[in-house]
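Given below, in the form of structure tokens, are the structures.
In the two complexes below, subunit A is the common chain; its partner is subunit B in one and subunit C in the other.
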Partner chain A sequence: MKRILAAVVASFLAVAPALADPVAGGRANVVIQPEPPSLMLGLVQNAPAQQVAGNIYEGLLRYDTKLNPMPSLAKSWEVSDDGLTYTFHLQHGVKWHDGQPFSADDVVFSADVFLRKTHPRFRAVLDHVESITAPDADTVVFRLKSPFGPFLNSFEVGSMPIVPKHIYEGTDFATNPANNTPIGTGPFKFAEWVKGSYIKLVKNPDYWDQGKPYLDEVYWHVIPDAASRAVAYETGQVDILPAGSIENFDIDRVKELPDTCITQSGWEFFGPQSWVWLNNRQGPTASKEFRQAIMYALDREFIRDSLFNGLGQIPNGPFAGSTRYNDTDLKPWPYDPKKAKELVKASGYKGEVLKLVPMPYGETWMRLAEVIKQNLADVGIKVEIVSTDVAGWNQHLSDWDFDLSTTYLYQYGDPALGVSRSYVSGNIKKGSPWNNVEGYSNPKVDALFDKGAGTVDPAERKAAYDEVQKILVDDVPNAWLLDMGMPTISRCSVKDLVTTGIGLNDGFKNAWIQK
Partner chain B sequence: MKDFWHRFRANKGGIVGLVLLAAIVAVALLAPMLFPGNPWKMVARPFVPPFEGMKFPLGTDTVGRNVAAGLAYGGRVSLLVGLVSTLAALLIGIPVGALAGYFGGRIDDLLMRVTEFFQTVPSFALAIVIVAIFQPSVVSITLAIGIVSWPPVARLVRGEVMSLRQREYIEAAILQGLSTPAIILRQILPNAVSPIIVMASLMVASAILLESSLSFLGLGDPNLMSWGYMIGAARTVIRQAWWLSLFPGVAIVLTVLALNLIGESLNDALNPRLSRRRS
Partner chain C sequence: MRGTTFMKIATRIAARLAKAAVVLLAILVLNFLLIHAAPGDPAVVMAGEAGATDDVFLAQLREKFGLDQPLYMQLGKYVWDVLHLDLGFSYRQQMPVFDLLMDRLPATLLLTGSAFAVSLILGVAAGVLAASRVGKWSDTLISTVALLFYATPLFWAALMGVLLFSVVLGWLPPFGYETVGSGFTGMRRALDIAQHLALPALSLGLFFMAVYSRMTRASMLEVAQLDFVKTARAKGLSRGVIERRHILRNALLPIVTLAGLQAGQLVGGAVLTETVFAWPGIGRLMFEALTQRDYNVLLGVFFVSAAMVIVFNLITDLIYGIVDPRIRAQ
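Up next, the complex of A and B:
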């Protein structure tokens, strides 16, 4: 009897996914926070612009949650053995939203002309590129100057959106009136934007991927106040809350509402990691023992559980858990105030007061600064919090005027794109809050990061990055706090919303609503 | 003096205020003994509700800090800022008002234009700007509150001095050859002191409110626990933890109420003619 029951249950479980065939139709109501300055993704790549326009424009590739490339505008691709030639074969029969045919010329124009001028992060990738050519209308070839490990990671829609050549060639990109009515190849067309109220996208009936998208329209609602956004979800005005749209403290309450699902997936490509900048140049934080003491003194589990609602992972070092080549054998630093006290003593600390400049991104980050201050006070380190606004915080970091400061940065899935920038000595430049602000300089680390970026062989890359992680974890140039959990909250009836490593940014291609 | 106390006592509210204020001051002064360590210390799990045990009678906050300890230490900051900023306002306001009222004419015009300039700028907005420019700290906050609250003092003192200036005994003093500073300091101001005292007691209350508002907006001294900060930090969790906003709110209300009651009684006691007319 038991066995029969088990068999019935098993067969039911096996059938269950098959029941969930996508159905077409319906509308998605989403919160967008803050309102993006523009939807022309070639010009503006901040987070909200990517979230909306990632469904209008497309890149050559998409990435799954393990960051493996998947077809998008390119249906297949080859990499030559020397790692210098990348050949992309494009989809057939793709049309721009205005009906014009899409071809390889658009890709060459986007990468070589448009984005070279407008997209700083892509320009850094272009430094490795010798030529971009279109041998025929369906093929694009990138030739590199030297092998560049993360090159295949650079084709997602936010990193390299393909823009229409027939609209932008020969015009001033920034002032082209077409920027107000973005034309892409994606599953949704731009329909209407009432500033301060909503953005409306409608289904692209001629989309090249037959049968998709399923939804008829997507409304992005602009609601400036965090509490009102939570209420909008409770009252049913919106069905989808992207990460960061409600206060951390509200998440627990909202996720318990009926018919509500929460996922932390969909951010693997960005891999946001938060840490405390430690000024390696001067003061007590110049000493390695002292920095290790800080690492022991921070109660990161408490920080995650009480400030970030238990969302996120404690990092084992400078590589976020979702970033490639994270050395999973490394264990995170434990919370050990006793050891911290010993190390503080050993470092010769004489009671200097350290200046902590917290990142002023809202209540959670202020509480975080207070907890850090108290954690350090518990092991005998004196800290004074200097509160300032966003501009002032940027200024403090850019001028290296701090002892401790909090931050978080995206890692873009690959150490060569998102990790090395904070640790190689070539990136010690005053004037930016996002480079090697802490002033850590180690020729061995520089060489290893160069080695890891300069090859496409995964084994060689892994060897270099394993070694660099060991050195960095021991040197503690910064005190790593949290691989941040980015929860997307939605009605459970919205299916297949988050299926890729960039989540909502290209999520509405597959999303559908269960009736 | 006995007369004064008698009249003060006649107003029951004043006694209530005095008792309340004494209790608040006592808790603030004894904070280090009642709650050793510092109020930022995370002593228990977050969000312990109030009245659940004797250990944390008022519960704990978002990161497990003792709310009762925060209230006690916050009282020190509120009272200190209230007192010192009022003194600062008096130090600016009394000389300006006295000079304007005594000399009149062009000096009066000049000083009053300056005073009006400060009075026409919304005081809270000005305080925010001053604190933001000088970075939030207990010194900049006290200074900012002092700077925005002196104009009413100046106007009050000017009026008092102007009317006293016309009295015969002042003319007699001038004829006797007393120096101007001596006349202002020894003859006029002592006679103008009662309305100033009444006003000052109310100013302490409004200074406490101003400091709380600044802290609520995140412009408090980030290294000092204060009531306004506690409410500001509790704002985002008000639906989960009502007690975090309620208790500091009650503390502010009681303190301000106490100071207002005392001010009222002082007014009755110091201006007997006025109060007799009323009763």
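Up next, the complex of A and C:
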């Protein structure tokens, strides 16, 4: 009886804090895959680097899951009526991890000097900026050359990390020894990195946002094998599996484990969309009818349900569902092999064998290539799969040496940041796997994307983007497959892990563990 | 008399080393050319990972990697640096290649060294046992188990080991080098590492254990038929002495050859085992460097492994002389 009573009391005590405020203390064990090349976020912005270093560095703004801006290093901001002047008021009493005070000079240095040299995506934003100034220690003003619709979306930590001027000014950024011990303003400080094993971050006790973070330490475990990562979660070595940590076919099994929660939130800012690149320059894929035939031939529901475990949405066009100005009136292309066959015939296809270079990002993507080959064979299109590794795949795309290839790209919440780059003719350049690789060129589309980006008026933007979506959906420059679902799996006792549109990348600021 | 023998050995080693240097240089050049023949370069891979790129970014990276130079210039510079014992810099990992290798070397040597010792000792012991009980049920058992180990794919054995000992029984940790963030020191830490080592070392050692036991058995049975063994038996020597001093010693030569081969691979690491068990060793470093086209790291690993193979071949030859004095006399 006594024991039962004790158990009841204990369980009550265990539940009680959930109703109250977050509790401090504890340690989070997270999978990181692959191991990042560096944690100096100003220099390296690949996905794993952002996932770890997004908790060391900070941007001026954060974004909620609806992509509305929230304060971060900037506590408030104003936009002038002409859309040309953006004024940011900074938080008071912010210190770098080495104890030096943070000021507006650091922001100006980061944006105008450091990132201009090192950050290709931010460099594209800077093309619209005329000047960046600091009228006083707590204020930063960006003056634009002309209005730029998504400008307020460019201040997230991965897009514009603020780096310390006192460490980097006048040095060679790439070889500065401080890169190995990154110094930021964020809720966690870099503590230790044993290459090949783990990265350790510890709580920043002097963090400007009083009371945060709650966790004492975060360990990121480097585990190179996908099956071992699933075992690591099952046996309790790690508590958090970021999206992509385990193979899709393991998700169903792992999410049924006791005390396990799964969420697809926290990727809204990135809005990854997957598609098949179609080489618009040459071969059968240069014909619009043929590309439409491919769109009809792909059984995207089967692909989502069988290969991606039902995660994700079938896109209605080039704008992912979470991207602003997605035209919800547009219906996705239906699966219709009969129509596809007619269009193949109409296009004058003579049985040429198409070269499909699949993205080699693991089992799921290899199976996807096989399904595509099968779907296209069903309507009489011959496909040969060319297997290669990541470096080889990048090279094939960069040299335009393909007929079909799979990929997925982030859309950064706004068509001007993440969609137009794959369709405007100004972005047809050899040497990158992320630009207008398919070689689609349409002056009308170029003009509409320019129009949509060049204003801050939502109605004008919507009109331009509605029109461009109609044209693109009809022209099928690429065959859109899936707005990808990105599941984060964790123990249910880890609370408030995903609270923003970039999820884990700045998630440990708010996260806490229920005792 | 002793002096001349010593001189003879020293000259032989010197000649071997001179030959080895030429071989090593050839390997260096060949590796360099082979790697650069693979499609894709590190700049494109890094740009690809960043998810965004422009011409400026690629040009910066290529300049940093020295890829803007003609290939023969890059090769010349690399050979020149290696001759000065400089293995280059990994821009990917932001560290000199030599430091990277030294970081990973202890973990790899611990893993491959333990696997080597375990497989050699247990393999030879099992082989001796099987040979001395030839035809009996213990011989059949040992031979069957050895055949099973010999035929089992390494990664499968590793995964099944994890499934049984970590997931089902919970006796051993499933991966890693030590318990992360445990703060263990001294003996406690050594024990912790030993626990982590058990599964990977065993699964890596299984294959060679099987090979050693089969080879020892066959070799001993062959020697046991020879005339001098009959003579020894006729002299009335005990069974144990004959087995140890007459049969085993003469049967050792092929085992030394094989051990030399295995030892040469100690540094090259074990890509599969290190990957499945998240063991922070050189094999994984090499595999990751390959997918990232991190040329300097890859060449560094190849260079050190090649040097090790040559060194162990030399050591093997010297051991031949100790095991069998007839070889030394030639």
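Here is the rule we go by: the second predicted complex is superposed on the first by the 496 of 515 C-alpha atoms of A that agree within 3 Å, B and C clash if a C-alpha of one lies under 4 Å from a C-alpha of the other, contacts with A are read in each partner's own complex, and residues count from 1 in each chain.
Keep this in mind: a residue touches a chain if its C-beta (ideal position, glycine included) is under 8 Å from a C-beta of that chain, and two chains touch if they have at least 3 such contacts.
None of the values given here were measured: they were computed from a predicted structure.
**Student:** Putting subunit B and subunit C onto subunit A via the overlay, clash or fit?
**Tutor:** fit
**Student:** Using the superposition on chain A described above, determine whether A:228 touches subunit B (first), subunit C (second), both, or neither.
**Tutor:** Touch partner of A:228: subunit C, not subunit B.
**Student:** Once the structures are superposed on A, label A:198 by its partner contacts, choosing first (subunit B), second (subunit C), both or neither.
**Tutor:** In the superposition, A:198 touches subunit C alone.
**Student:** With both complexes superposed on chain A, which partner does A:425 reach: first (subunit B), second (subunit C), both or neither?
**Tutor:** neither
**Student:** Tell me which partner A:306 touches in the superposition: subunit B (first), subunit C (second), both or neither.
**Tutor:** Touch status of A:306: first partner only.
**Student:** Check whether A:388 is in contact with subunit B, with subunit C, with both or with neither, and answer first, second, both or neither.
**Tutor:** The answer is both, since A:388 touches subunit B and subunit C.
**Student:** Which holds for A:45: it touches subunit B only (first), subunit C only (second), both, or neither?
**Tutor:** second
**Student:** Does subunit B (first) or subunit C (second) touch A:434, or do both, or does neither?
**Tutor:** A:434 contacts subunit C only, not subunit B.
**Student:** After the superposition on chain A, what is the angle at the C-alpha centre of subunit A formed with the C-alpha centres of subunit B and subunit C, rounded to the nearest 10 degrees?
**Tutor:** Rounded to the nearest ten degrees, it is 40.
**Student:** I'd like to know which partner A:370 touches here: subunit B for first, subunit C for second, both or neither.
**Tutor:** Touch status of A:370: first partner only.
**Student:** Working from the superposed arrangement, determine the closest approach of subunit B to subunit C, counting only CA atoms, in whole Å.
**Tutor:** Nearest C-alpha pair, subunit B versus subunit C: 8 Å apart.
**Student:** On subunit A, what residues does subunit B touch that subunit C touches as well?
**Tutor:** 388-389
**Student:** State the interface residues of subunit A toward subunit B in the complex, per the touch definition above.
**Tutor:** Residues 226, 247, 249-250, 252-253, 302, 306-307, 358, 363, 366-367, 369-371, 373-374, 377, 384-389.
**Student:** Please name which positions on subunit C make contact with subunit A in the complex.
**Tutor:** Counting only subunit C, the residues touching subunit A are 38-42, 44-58, 64, 91-94, 100, 103-104, 107, 159, 162, 166-167, 170, 173-177, 180-181, 274-278, 280-281, 284-285, 288, 291-293.
**Student:** Report the residues of subunit B in contact with subunit A in the complex, numbered from low to high.
**Tutor:** The contact residues of subunit B facing subunit A are 38, 40-42, 46, 62-64, 132, 135-136, 218-219, 222-223, 233, 235-237, 239-240.
**Student:** Going by the contact rule set out above, which residues of subunit A touch subunit C in the complex?
**Tutor:** Checking each residue of subunit A against subunit C gives 27, 29, 34-35, 37-38, 44-47, 120-121, 123-124, 174, 179-180, 194-198, 200, 217, 219, 221-225, 227-228, 231-232, 234-235, 237, 388-396, 398, 409-410, 429, 431-435.
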